[in-house]
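In the two complexes that follow, chain A is the common piece, with chain B as its partner first and chain C second.
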Partner chain A sequence: MLALAAGMFALAPWMINAAPNEATMGLVYKIYFFHMPSAWMFMVAAITSGVASARFLFLKRPSADGWALAAGELAVLFGAFTLVTGPLWARKAWGVWWVWDARLTSSLMLFMIFVAYLLLRKYGGPGADKLGAGMALFGMANVPFIYVSVNYWRTFHPLTSVVPTLPVEMGIPLWYCVTAFTLLFIVLLRMRTRLEHQRARVEALYLLEDES
Partner chain B sequence: MMRAFFRVAWIVVKKDLTVEVRSLEILSTTIFFAVTVVLMFSFGLVVDGRPLNDVAAAILWVAIAFSGTLALGRTFERERHNDTLRALLLAPADRPALYVGKLAGILLLLALVQVVLVPLVGLLFDAPIFEHGFHLLALLAGGTLGFTAVGTLFAAMLVRARSRDVLLPIMLYPMTVPVMIAGVRGTAALFQPTPNLEVTQFWIALLVFFDVVFVTLALWTFDPVMTD
Partner chain C sequence: MRLRSLVLCVCLSVLPFAAFAQQPPSGDFVPVDETIPGEQIPALPLIATAYGFIWVALLGYVWTIGRRLQKVEAELADLESRGK
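The block that comes next holds the complex of A and B.
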């Protein structure tokens, strides 16, 4: 799976290059092929982390914590990628790096919540896993509120409805990139979760040795 | 069942009030801090002796958020000091009732802070705070409840954590962005020369919705996160 994801990413530039230029924005719009998939994965990672946290907190599944942490890290990773590629495009399309639009602001706030989550996990000390789970859960519940409040506050991002209307030559590379990013997300999530579970096991073994 | 719940909450509130009334430590320091915040922002945002647009509403809510964080931190620091939070949790009482008690105590404290803060902002920025007093009151109540509901849970969780002083605002501010936007925009609409009540009502509705969701969620999570 790792090899497949890597192979798809190696091919992605050709696919994107083959796509026709957009009428008004020309070459610049092509960053969209990486921007949108990473934004989607950002959302998926955030939801995964929230759901895993809820499982950890309410169903007391210790393994869910590893999933929550791994997904939380990926949310920050894909979030950072989204927030870097977005302004690069906006500079050309809107003439400014940043506008206080609903989607931009809510993505930024969600990103901030997950950065705070990681800081808490890292510096919270003992019990940080539970605190983090509470935080991730609240973060997930907060998404609709952030979205509605910021939406009412301002809006100018291209609508999501643009995707189905894209011509086929643009649609194929877009869905190709979405698949590549999804694969990357799954690979990273599994690797990171396994690492976290093994770390937890090592810790448990150390504890056992200390006791005996 | 319900009566026992509120009795426990009331006992927690009474305990916190008794401690606070005897020293007035948190109340006096928080009020003074809020006044300081208002002044600091005024120096930044008043140009040529005139405030920028909507500055009064923004300063009011930033001061509420900052002083709220301070009050939350101090309240739980007091519980940590003699490990009394552990004693509280060991008591044969409903955990959510303890949460409600703590929440009510901090809300009362912040209400007293706002009694000083709101007229001060009205005075310094010539804001019409009494014109639509009921709307402003609803915004303040809804916003403070939302902020404190999330804050009380986080501050309680953080009692045993390292670097809790910095972690509380880091966690709380991104989480309460909707409260800040609703509070500032709703208040700014009220402070216009011709107040736009429709906008204010929208934000009050959003705050009520936020409060319901997050109080419920906090009651629900308080027990599992506070268990060792």
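The block that comes next holds the complex of A and C.
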């Protein structure tokens, strides 16, 4: 699966290059082909972390904590992609790097929630797993707000209606990139979760060794 | 009194015209046809930065996961061999 995702990423520049330029934004809109899938994976990662945290908190599943932490780290990774590529696109399309509208501000908030979540998990000491789970749930609650924000508040940002109305020659590279990012997300989530579960096994073995 | 009112009315109606007439010609707004291409923000460096950042960050992240996984699995193998 990693090889497939890597292969799709290697071919992505050709797919994106084949897409036509946009009438008002010109060439710079091509940042969209990596920006939009990154933003989707950012939200998917936040939801995954929130759902796994709920399983950990309410169903007492210790393995779910590993999934939550892995997805939390991916939320920061894909959030960074979104928050770096977005301003690069905005600088040319809007004339400014950043505007404090509902979409951009709430996305930055979600990113900061997950950065705080990772810091809490690393330096929080005993009980940080449960506190962190609450934080991830709070982050997940932010996701629907981010998604609909462009439709309810005035903004320069493209609306959610852009994706279904894209012409075919722009839609094909976009869905290709969405597929590549989804595969990548699954691969990274599995790798990162495996790391967390192996760490849990190491800790359990150390505890066993101390007891004996 | 009437004469004073008349003078005041004339002054008030003439002043705005005088104010507009005294404004220097504005040089801030340049018609699109006259824009020098070199002054526009080039798109290519922005696109290259966006895609370059994602590629470098992704490769770096995959490398760190691989390294961390290797370290933990070596530690796990060591602990398991000690336990036997």
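The definition used in the following text is that the second predicted complex is superposed on the first by the 199 of 212 C-alpha atoms of A that agree within 3 Å, B and C clash if a C-alpha of one lies under 4 Å from a C-alpha of the other, contacts with A are read in each partner's own complex, and residues count from 1 in each chain.
Going forward, a residue touches a chain if its C-beta (ideal position, glycine included) is under 8 Å from a C-beta of that chain, and two chains touch if they have at least 3 such contacts.
Just so we're clear, the structure is a prediction, and the values are computed from it rather than from any experiment.
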Touched partner set for A:Ile31, first chain B, second chain C, both or neither: second
Chain B versus chain C as contact partner of A:Thr85, first or second or both or neither: second
Contacts of A:Arg103 with chain B and chain C, given as first, second, both or neither: neither
Which of chain B and chain C A:Ser149 touches, first, second, both or neither: first
Partner chain in contact with A:Arg121 - chain B first, chain C second, else both or neither: neither
Partner chain(s) touched by A:Phe58 [first = chain B, second = chain C, both, neither]: first
Residues on chain A lying within both footprints (that of chain B and that of chain C): none
Residues of chain A touching chain C in the complex: 9, 13, 26-28, 30-31, 34-35, 38, 77, 80-81, 84-85, 88-89, 91-92, 184, 188, 191-192, 194-195, 198-199, 201-202, 205-206, 208-209
In the complex, chain B residues that touch chain A: 150, 153-154, 157-158, 160-163, 167, 170-171, 174-175, 177-178, 181-182, 185, 202, 206, 209-210, 213-214, 217, 221, 224-225, 228
In the complex with chain A, residue positions of chain C that touch it: 41, 43-44, 46-47, 49-51, 53-55, 57-58, 61-62, 65-66, 68-69, 72-73, 75-76, 79-80, 82-83
Residues of chain A touching chain B in the complex: 57-58, 60, 109, 112-113, 116, 119-120, 123-128, 130-131, 133-135, 137-139, 141-142, 145-146, 148-150, 152-153
